[in-house]
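Got some structures for you, see below.
Next, two complexes with chain A in common: one pairs it with chain B, the other with chain C.
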Partner chain A sequence: MKQTALSLPALRGVVESMSDDGLRPAREAALRSLDTRGLPTLRDEDWKYTDLSSAIAISNQWLKNGAPAASDDLQGSIDEITAAVAANWLIVANGVIDDTRFTPGDAIDVERFSATTAPIVADRALADLNVALLQDGLRIRVHATPERPLGILVIDSANDAAAVSQANIEICVSDNCSAEIVEYHASVGEGDHYANTIVSLDTGYRSQVGYTRIQNRRIGHVFTGRISAALGTDSTLDMANYDIGGGLVRNDVDINLAATGAAANFNGLYLVGDNQHIDNHTSVEHRVGPAVSSQEYRGILNGSCRAVWNGKAIVFEGADGTDATQANHNLLLSERSEIDAKPELEIYAEDVKCAHGTTVGQLDETALFYLQSRGIDKMQGRQMLTHAFAVDLVSRTPVDATRDAVNALVSARLEELIRVQAQ
Partner chain B sequence: MSSENIESIVNRCYEHGFVTDIATESLPPGLNEDVIRAISARKNEPEFMLEWRLQAYQQWLEMTEPDWAHVNYPPIDFNAISYYAAPKSDEDRPKSLDEVDPKLLETYDKLGIPLHERARLAGVAVDAVFDSVSVATTFKGKLAEAGVIFCSFSEAVHDHPELVRKYLGSVVPRRDNFYAALNSAVFSDGSFVYIPKGVRCPMELSTYFRINAANTGQFERTLIIADEGSHVSYLEGCTAPMRDENQLHAAVVELVALEGAEIKYSTVQNWYPGDENGVGGIYNFVTKRGDCRGDNSKISWTQVETGSAITWKYPSCILRGANSVGEFYSVAVANNMQQADTGTKMIHIGPNTRSTIVSKGISAGRAQNAYRGLVKVLPQAHGARNHTQCDSLLIGKECGAHTFPYMEIKNPSAKVEHEATTSKISANQLFYCRQRGISEEDAVNMIVNGFCKEVFKELPMEFAVEAQALLNVSLEGAVG
Partner chain C sequence: MLEIENLHSQIGGTDILRGLSLNVNAGEVHAIMGPNGSGKSTLAQVIAGHEEYVVTDGSVTYKGADLLSLDPEERARDGIFLGFQYPVEIPGVNNAYLLKAAMNAKRKHLGLEEIDAFEFLKLAKERMAMLGMDPKFLNRGVNEGFSGGEKKRNEILQMAMLEPSLAILDETDSGLDIDALKAVAEGVNSLRTPERAIVLVTHYQRLLDYIEPDFVHVLSEGRIVRSGDKSLALELEDKGYDWVREAANG
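The block that comes next holds the complex of A and B.
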C-alpha cells in the first residue's frame, strides 16, 4: 500500500509565514529533520497496523488552504469541560495557548517556549512535524505540591475546512513534590481535523505524580499523541488513559526508568465503535534496577472498528531487580471489529521478573444467562457485564477530581456501543 | 559445586564435532542458472522440476535478504557457497545397510544413531541423509505393504511425479520468502512421505540430516502428505560436525493434512553451535509449514532446538479445515554466543479451529533467545480458540530473552489467550534441592528439565531421552 506523502514545499511555505519569534530556528531544524526522516509508513514495524494517510491528507489540504479562523466557537465546550473537572486549567485551543483560566500560584511556574532559549527536543518524525508547525509550547514547573490538580486541555475545532493543530507541553515535577495532572483532549466541528500532541514529563527525587489522560475527540477526527516520562529516583507515576472518542487515534506512552526505586503504574481503557481506529503503543525502558512497572490496558470493541495494543518492555543489561508486568484484555463484540495485540519483552538482565498476559474474548454467555434467569433483560445484562469489564479501570483513575467525569463519559459511551450491537 | 567442576562442564566440547573423510563430488562455489541446470541434470530430473527451479531462481534474484529477525551475523556471500555435494559412492548406491560405506556407519555411530540397532529395536525406518543424497533406507518393504511411500525426494520426483507436482510448493510457495526461494532453486534432496487414505503408518518415520563437507549449503526439501483419515509421526534429528566457517542451512518442510488426517512432526536439532566466542556454527534458516487442508485434521510440531549458531525458524500451521487443530511445542536453548529467533504462526481460517502454543526458551552465557509468534484469526473462523504460553529462563548475566507475540483477531467468537513469563532459576528452589542433599548440578538439571517437561512429554520416547541428554550437555554447570 502506498502512502500519500506530506507536501514538504507547502509545509515549508507555512513555516516561513509563521511569526518570526524565538521558535523559528527550532522550526527550521525540525523541517530539515522531517525531510530526512519522513513520516512513518506501514512498513515501519511500529506502524504496521496504523496508516497515517488520513492525517497526511488532512495536513496537505490544510497546508494548501492556510490557517483556519479563530477559536471563538470553542468557548461553550471549554466551559463545559472545565466545569466538569475541578482543576487549574491551561488551555491550548486550535494550537494557541490560552492561560486566562489559569490561576498562577506559588506551586506552579508556567512559561512559553518562545520566552526562553531552552532547546526543543524532537526525536522522531511526528515530533518534527509538531515542532515545525508549533505556534508555541508550554514549559511547566511544579515546585511545591499544588492544592488543585493541574489541568491541560487541548481542544480544537474544524468547521468548513480541514484543520491541523499542534500542542507541545513539558512538565517538570520537582523533588519531593506530589502533583495531580489532567490531560484532556477534545474537538468539535464537522470538518476534518488532525491534532498532534507531545507531552514530556520529568519527575524529581521522591516525587509522586497522578496523571489522568482523557481523549474524547470527535469521532472521525485524527489524533496522534505522545507522552514520554522520565522518572527520578524513588518517584512514582500513576497514570490512566481513557480513549473514548476520536477517529484514527495513535497514543504513544514512553516511560524511561533510569533511576533506582522508580515505579510506573499505567493503565488504559479504549472504547472503540464504528469508524474508529485506536492504537495504543507503550514502551517501558528499564535502564537500572530495582524499578517496577506495571500496565493494564482493556478494550471494548463493537462495530466496524479496529484497535491495536503494543506493549513493549525493555530491560537493559544490569537492570537487576526489575519487575515488569503487562496485561491486555479485549472484549470483541462485533464481526467487523479487529484487535491486534502484541506484548513484547526484550530482556538483557538476569535478576528480573517479567510477565505479560493478553486475552481476546467475548461476554460470558453463562453469566448473561444467569442475569436473564434473574429477570434482567438481555440488553441490560450486556450493559452490566460490559460495564463490569471496564469499571475496574475507571475506579483506578489516579486523579480524584476526574472520577465523576470519567465515569460519566465511559458509561455514556458504553451505552452507545452496546445499543449499536442490539440493533 | 567447585568452580573447576563448573569450568570443565562449561568448556565441554561439542561431542559430535568430527569430519568424516569421504571424497565428495561437489559443484564449484557460486550460483547461476548453469548451477541449477547441473543440479537438475545430475539428478536426472524431469523437465517440470528444472522449470520449477529456474522460476524459483528468477524470483529469488528479485528478492532481498530479510533483516527483521532479532539476530546479528555478517552478510552471507551466496556466491561463495557450493550448492551441491554428494558422497562419491553415488554411482552405486547401497541396496542394504551391509553395503553402506563403513565410514558412514561409523559417523552415525558417533552420533549415537546406530542404524541397525535403532531400526530393529525401535521399529524406526531411517532415511539417512548424508550431505545431500540419501544413502540408506530401511524398512521400505514393511512400509510398502501398508501402502506408505517413504523415499528420498529425488526418488519421488521419478517414481511419483504426479504427487510431487500436485503438492510441491502448495504449502510454501516458491516466493514465500528469500530462503524458501533459494531452497526451491537449489534443493538437493530430502524426504518424501505419502500416507494413503485411512492408513495409520505402522512405524515412526525418521530422517537424520547431517551437514558434512565444508562450504556446502544444505538445502533440504521435505514433503509429507497425509491423505484422508491417515496418521503419521515423523522424527527429524540434525547434527553437524565442527567447522570454523559458518555453514548455511536453508531447508523447507511442507506438510499437508487432508480430512481427518494427523501429522506429528518432531525435531531435535543439535547442529554445531560454534565455539564459545561465536566462531563457526550453522546458520539454520528454515521454513516449516503445515496445511490442515481437510476438516478435522491435525498437525503437531514439537521441536527441541539446542544447536546452531543462529536459528531462525517458525514452524507454522494453516488451519483451513473446520475443527482442525494446530500444536506447537518448543524448547529452544541458546548458550555461549548462540542466537535463536524462533516461534510459530497459527492462522485460523476454518470454523472451530484450535491451536496450542507452548514455548520454553532458555538463555545462558551471552546468548540471545527470542520467541516470535503470530496468532491470526480470520473473520470466518467462528469459535476459534488459541492458548499460548511462552516462558523464558535466564541463566547468567549477559544473556537475553525476548518475546514478540503478534495477535491479530478479526472474529468476535474467538477466544485467544497469551501468557508469558521471564525469570531466572530461583535461589529458593535451588536452596530447597540443596537442603535435601541434591547436588547443585543435579538441582539445576531438575529445575530446567521440569521447566521443559510440558514439551518433552510431547516427544516420542527415544527422542525425549536424547533431548534431555542434549539439554544437560548444553547447560549443566551454567549456574554456579
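The block that comes next holds the complex of A and C.
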C-alpha cells in the first residue's frame, strides 16, 4: 500500500524558522534522525492496523502553509476542564506552555527544556517528529508529596486551517514520594488537527504514583500519544487510560520494570463510535524480578469503527519472580465495528507467573429482557448494560479527583454511542 | 384482569402452548402446576413478552386491552411483574439503581413525578426488613454473587417495590431452603390484596402450603387439563403427574 510521505524539505524549512533557543541542536538532531528512520508505515509490525497517512497529510498541509501558530482563545475550554478536575494545572495550549494556572511550591519543581542543557531523548520516529517541532518541553520534579494532584492539560484548536502540535513532558517522582497525576487531552475546532505527545515518567525508590490519563479530543482529530514509565525499586504505578474521543488515535504505554519490587497496574477503557479508530499498544519489559505488572483494557464499540488492543509483555532472562497478567474485554454492539485484540507474551525467565485473556462479546440479551420486564425500555437497558461493562474501570480510577469527571465523560459518551442503534 | 384464550406459542419452531385458556381476576391467587416441559415457564414468558416465544394463535387480554401487542417494558409499566425462575446477574448495575429506574419508569407512565431519594430509601429498607434482607444488598450489583435464596428474595423485593397488578412468579420456590421459602411466602402473602392478582408457577405443592391459592390448574402438553381448588394440589402430590397425563389422554 502506498502511503503519503512526510515532506522533509518543508519540515526542515519550518525547523530552521523556529527560534534560535537551547532546543535548536536537539531539533536538528531529531530532523536528521527522522530522515533516517522515517515515520512508521503499515509494513511495521507495530503499526499494521493503524495508518498514519492522515497525520502525515495534515502535517504536510500545515508545513506547506508555513506552520502557522493557532491563536484561538482556548480559555473557555480550559476553564471548563480545570473546573471539573481539582488539580494544580500545567497547560500546553496549541503547543505552547502556559503555566499561569500553576501554583509553584506544592512539592513540585518545573523547568522548561529551553532553560536547561539536559539532553532531550528521542528514541523513535514519532519522538523525532515531536522534538523537531517542539516549541518547548516541561521537566517536572515531584520532590515531596503534593497536596493536590498535578494536572497536565494538552489542548489544541484547529479552526481555519490544518494544525499540528507537539507536547513533551518529563516527570520524575523522587524517592519515597506519593504523587497523583492527571494527563488530559482535549481539542476543539472544525479544522484538521494532529497532536503528538510524549510523556516520560520516572518513579523513585518506594514512590507511589496514581496516574489518570483522559483522551477526549474532538472526533476527527488525530492523536498519537505515548507514555513511557521507568519504575524504581519497590515503587508502584497505578494508571488508568480513558479514551472518550479522538478520530484516529494511537496510544503507546511502555512500562520498564528494571528494579525489583516494582509494580505497574494499568487499565484502559476505550469508547469507540462512528469515524473513530482507537489503537492501544502496551508494552511491559520485565527486566528483573520480582516485579508485578497487570493490565485490564475494556472496549465498547458501536457503529462503523475500529479499535486495536495489542498487549506485549517481555520477561527477560533472569527476571524470576515476575508476575504479569493482561486482560482485554470488548463489547461489540454493531456488525460494522471491528476489534483487533492481540496479546503477546515473550518469556525468557524460569520462575514466572503470566496470564492473559481476551474476550469479544455482545450485550447479554437475557439481561436486557430482565431489565425490560422491570419497565426499562430497550434503549435505557442497553445503556445500563454497557455502562455496567465500563463502570468497574471507572470506579478504579487511580486519582480520586478525576472520578466524577471520568464518570460524567464516560456516561455522556456511552449515551451518544448507544443512541446509534446497533446495526 | 387477565383473559387468555386458546393460546398457542412456540419457541424455535417447536410448539409449546397448544390452546391454553385461563381467566384470572383481581384478588385471586392461581397456581399453575405441571410436569417439566408442560409449558408453565413458557406461559410466564409469553405474558411478560419475551420475544423468542412466538404466539401463533389465540389472544391475551389484560385490563381489557390486547396484551400481545405491547413491548415487555410497556407491560411492566402497566402493572405486570414476572418473578424469574433464574434471576439474571447484572454486575455493574446496582440493585438500588435498578429499583429506582424501574419505579420511575412506571411512575412516568402513570404521569407521576420521580420518586424522592429519601422516600425511596425508606420504602426499600422497610420492604427489605419484611423479607429479611440486609440493606447492604441495595448497593450490590443486581443478583451479583447472590445465593439462590437471596436472588428469589430480591425478586420479591422488586415485586414489593413495583406493586404490580398482576404478578407471575415462576418457580419462585425452586432452590430455596425452608427458611428462605417461608420468608418469600410471607413476602408474597403480604402483597395479597383485593386489587392484585398473583399467578404462581410451580412444580411442587410445597410452596402452596405457605401461599394458599384460590385456584389450582394443571398444565400438560401446553393445555390446562384440570382446574380445581387447593385440594387439587394435594391430590397431585399424592398421585403424581402421571395421573394427570392419563386423565388428559383418557
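The working rule: the second predicted complex is superposed on the first by the 416 of 423 C-alpha atoms of A that agree within 3 Å, B and C clash if a C-alpha of one lies under 4 Å from a C-alpha of the other, contacts with A are read in each partner's own complex, and residues count from 1 in each chain.
Following the convention adopted for this analysis, a residue touches a chain if its C-beta (ideal position, glycine included) is under 8 Å from a C-beta of that chain, and two chains touch if they have at least 3 such contacts.
Computed from a predicted model, the values in this text were never measured in an experiment.
Asks: Once the structures are superposed on A, label A:T100 by its partner contacts, choosing first (chain B), second (chain C), both or neither.
Replies: A:T100 sits against neither chain B nor chain C.
Asks: Which partner does A:L345 contact after superposing on A: first (chain B), second (chain C), both, neither?
Replies: In the superposition, A:L345 contacts chain B only.
Asks: So in the superposed three-chain picture, is A:T117 touching just chain B, just chain C, both, or none of them (first/second/both/neither)?
Replies: After superposing on A, A:T117 lies clear of both chain B and chain C.
Asks: Between chain B and chain C, whom does A:E317 touch in the aligned arrangement: first, second, both, or neither?
Replies: Touch partner of A:E317: chain B, not chain C.
Asks: If you stack the two complexes on chain A, which partner ends up touching A:C354: first (chain B), second (chain C), both, or neither?
Replies: Only chain B; A:C354 stays clear of chain C.
Asks: After the superposition on A, what does A:S17 contact: first (chain B), second (chain C), both or neither?
Replies: Touch status of A:S17: no partner.
Asks: Please tell me which partner, chain B or chain C, touches more residues of chain A.
Replies: Greater contact footprint in residues on chain A: B.
Asks: Going by the contact rule set out above, which residues of chain C touch chain A in the complex?
Replies: Residues in contact with chain A: 48-51, 71-73, 75-77, 81-82, 84, 87-88, 90-93, 97-98, 101-102, 105-106, 109, 141, 158, 162.
Asks: For chain B, which residues are in contact with chain A within the complex?
Replies: Interface residues on chain B, with respect to chain A: 68, 379, 392, 394-424.
Asks: Where on chain A does chain B make contact in their complex?
Replies: Of all residues in chain A, those touching chain B are 45, 317-318, 330, 332-335, 337-362.
Asks: Where on chain A is chain C touching in the complex?
Replies: 364, 366-367, 369-378, 380-381, 384-385, 387-392
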